């Protein structure tokens, strides 16, 4: 539909679709209402609809992707994280998100937040609900962790992203954070994808550790299908036969995803490699192959971390990385996103 | 604890554990109450507890597995599906579960159920809630499908198994079926594992398509950890570089799992190979390498199936398979489970 | 060509092909000379050739496979190993090949050969040239090992199979053994494939550890392309993300290969699983899914073996396996091949 | 040994080793003779040897790697390709090697060589012997191709690298080229590795498509073990379950290999991705994660290429890539190697 199409025009088109035996859902992307129909549309029907008042154009997308496809939307989608004026993922700025794998305590969060803000991260991460392979591992602080994270949001002025593991938690996680993370094990938890989509919050969708690019985009399609177009993809390593690195970071998939979809793509060099000394090289590689930002584990006391401490960067390592990152980001024609003026870094 | 330990004896031991700084959960397996504590138990404490009245023995299990380990429980676990007298998985009988991938309609279910009962399947399968890669694919009939499946349970006398995809659905699925299936995409949906465990129903736990054996057993550990020891594992093919077959059926993992755990293990030759002509050979291979049974897709009109029709056996193919299966099952010293007398087959 | 086609008829057809701009190679399979041409043959030319005297039929094979395809040759190929009267792979008998991974010494070979013959193996295996990942590992005895193997051939009356790793060695290995093994690392060593093919000896072609079924069959095509149709395929496990077992034995590929090609297919349960306790279950599974035989590591002093000792069966384990194997082989309508009367077992 | 150790001193040390029951091989690296012994050396013997005249130090390397290990040689190895003054791989300059996948004809080679020289490639590549999956595919021009490549060496002044597929060809390939390439299918063709090593030419060792990093380094160990320390590693993509890209380019392995070994590491973005539009992003990523250079397929008439044309860059695409590469290379503190003054580019 055209940007200023009226409610009546929209309903007229829905009626037209129904008359022709087509069902439809509507989705809003950058103020433009879109009507998506899943059945095959004949050229005749397409022509009829295209002539209706308020209709901009009819796009028929081949293949399995629809809303996520570059054919449907050629321009890059930009996702605003937190209030206006805050970081935008998918635009000219390269966005670094950092923080601990798990929220553990107020002192830990203070310490890590200070460090990542000082080095230039623009979004804070931290897990309150941790999906763990074993029931005997630390499962996260849950709601208490969420509260600790929200405190950092207030204290630092940085928007926060945190993982949600079940549809029932979406509401409270959406209230206390700026972006909902769907983890690799939940990439095909379709119920959770729909609930996260319906929350209206931006969704950070990690690639399943054995998902194809097509499956990853179709998972994003579930979120967009309920009307939420603020989806940020995140490559975090796939399983291959070689366990020399924890997972195999698939940067070819990042470049290919950028070609297939208009959605922004981040890279997580921490979980993918599982080794601090590889986080630096892989961050630079991600920045130069077209990724829109990074998601990095930082811990100021990695040895005593309750989760994945052996892959976290120290504050000093993170600071060094940020310095090395800047010239590479600029060499590919982008700039490193800076924290907003009211954030802790400027205090 | 010993089989006839009293409630007082149990509470005395829990008190002993607490005095020593240990927390505990209790689990019931074949009428024997077990107390599981997650912290390291010193030999001193173990000796004290072992002397308490009603205590049978203290087992310290090395490695990541606990409740699922053969060290914890050396004998094979037998899982009763449906009312007493019905099929038992993990005992001397080899159990064949069959039915359509998705429940589609009453006539379809009548037709398929007649065919699989006639050929000797002892449990009926059928999906009402289907987790699908694309939001535009058929998602299952939901509650209506559950009702159609329950009708077949009454009509045929066969117990039924069906997939549950979200914790919120566990209660209603548990009411209408005899065993809850956790699909490959949900093997690490820990919230769902706990909810399924708490339902008290037997749980059929499919292996994640890129899960290691250890991760699979730890997922079963989540179900057992909430007190449900009726877990049946199911190998359904893993992802490898070779897509000549849909997935790579990993029968070595079946033999290895049987060694590591006391839980029964089934094989799904339909989803793993994705091709009807491979279902027969892989069924025979599964029967001879130690699997406790099979989960097979059967459809009487595969061409028009709404889900995975291209891998389903026809009624005739299924009947042929059952005939070829019997001598192989007997060659390894087991017998093929038969439907109970009151089932449709004997009418 | 027809079975009794004359040399003149053959040359006439070659002439016909050349006149039409086609080149050709000839291959002999079970006394029937075949002319293979690689270019597209038009229906006109095919019709002309089909009418020529001595021509049986013109077969145009779609896809990448030609000589190995079931379309080209629908009947199972049977490969005679050693002199007439000896074992035939691909016929009604299930053939067990056994022996040590590496030939180490005369006493070792005497001991192992006695054990495998006593339990019913019909071909003896043993490596003289060992391709090893590290230059610092035992590389095999080379020619001396070949001599020790040939001594067992005389002593036991059993045909022998041994690996050849370079084209230059083909001649001497072909003289001292009855079948040439091409190992997994050399499956695409095309120079070696051609040389092995030209030797005229049967070729045992192991699947590359990361080869697709198509690549495996095309490697066999290289051997057949130089005129040698005595090719026996051998599945030996592929690389997957799960290293719980050394490799992932891909029995689905065995069943699929049997459908695509007329060549016999063996299974190596020793290298694939890397664990003695899995060799038994996987041997039974292989026998029941359509494999034509097994290749098993046996060592009478596995603890001191110079190569892969940790996966070898002891003599007793091998004997137990053979007893368990017989009923499974018979359950699928085959018989276990027995050693010929003049072999050691009958002395 | 010390740089000016005499032949007598060397022989004295060899004698010492033998007296202590140790065998040895000698290898020359940057004018320093090294004696390598494979057995465990006791601290006593090490102390005795360290005191002998001419001995610099005794290094005992843990793990499976020896000559390739950073522990054995902490500094980066630099490999000179072609005559002195020509490109050096592993030093401060980032080296781009380009050319067609297969040498096809004199006009093709003239055309491609002109294009790659003009854009700044400093080594020319081109295959004369092509290992192909199918015997019916174009197998390369063989010796004729080698001659065409040598002509370009003379004409352009650029050193050339070409693949060698069998030990028998090493001598003639070494005469006509400046660096011998070992392809992915031959990474564990140990006979070929030894022969290439003995030629004295630098060896470009591609990673096996399903090799671990350890196996790759041990293959390099075979080359170094015969006394040739001019080994250049090349990551070219591994097999994973996802075939969206032809192979999965494993840049984490590049960074990890650079940490484990002193040998230079190149990246082949053409064979790994199999798609021209991914070659650019992956080249930039390689440059920024620590690779020492690139190996790129370029063809001026890709549509009619006889081998892998669908992944080759056109001359224009290659030129654009080189322009985008320079700032990234400089952002990580290196410079792009330039062609020598006498090459065609300056004519």
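Each chain carries a letter (A, B, C and D) given by its place in the written order, and its residues are counted from 1.
Convention: a contact is a pair of C-beta atoms (placed from the backbone, for glycine too) under 8 Å apart; a residue touches a chain by one contact, two chains touch by 3 or more.
Since this is a predicted model, take the numbers as computed values, not measurements.
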| item | value |
| --- | --- |
| Subunit C on subunit D, rotation in degrees - Cα superposition, rounded to nearest 5 | 180 |
| Homomeric contact subunit B-subunit D: same or different residue positions, threshold half | same |
| Listed chain pair C-D, B-D or A-B that repeats interface A-C [over half of contact pairs the same by residue number] | B-D |
| Centre-of-Cα separation between subunit D and subunit C, whole angstrom | 35 |
| Between subunit B and subunit D, centroid-to-centroid distance (C-alpha), Å | 51 |
| Inter-centroid spacing, subunit D versus subunit A (mean Cα positions, whole Å) | 39 |
| Multi-chain contact residues (two or more partners), subunit D | 210, 239-241 |
| Residue ranges of subunit C touching subunit A (in the complex, touch as defined) | 210, 239-241, 243 |
| Partner subunit C, residues of subunit B touching it in the complex | 210-214, 238-242, 244-245, 248-256, 259, 272-273, 275, 277-278, 281-282, 284-290, 324, 327-328, 330-332 |
| In the complex with subunit A, residue positions of subunit B that touch it | 38, 64, 66, 131-136, 165-168, 185-186, 188-191, 209-210, 215, 218, 221-222, 225, 239 |
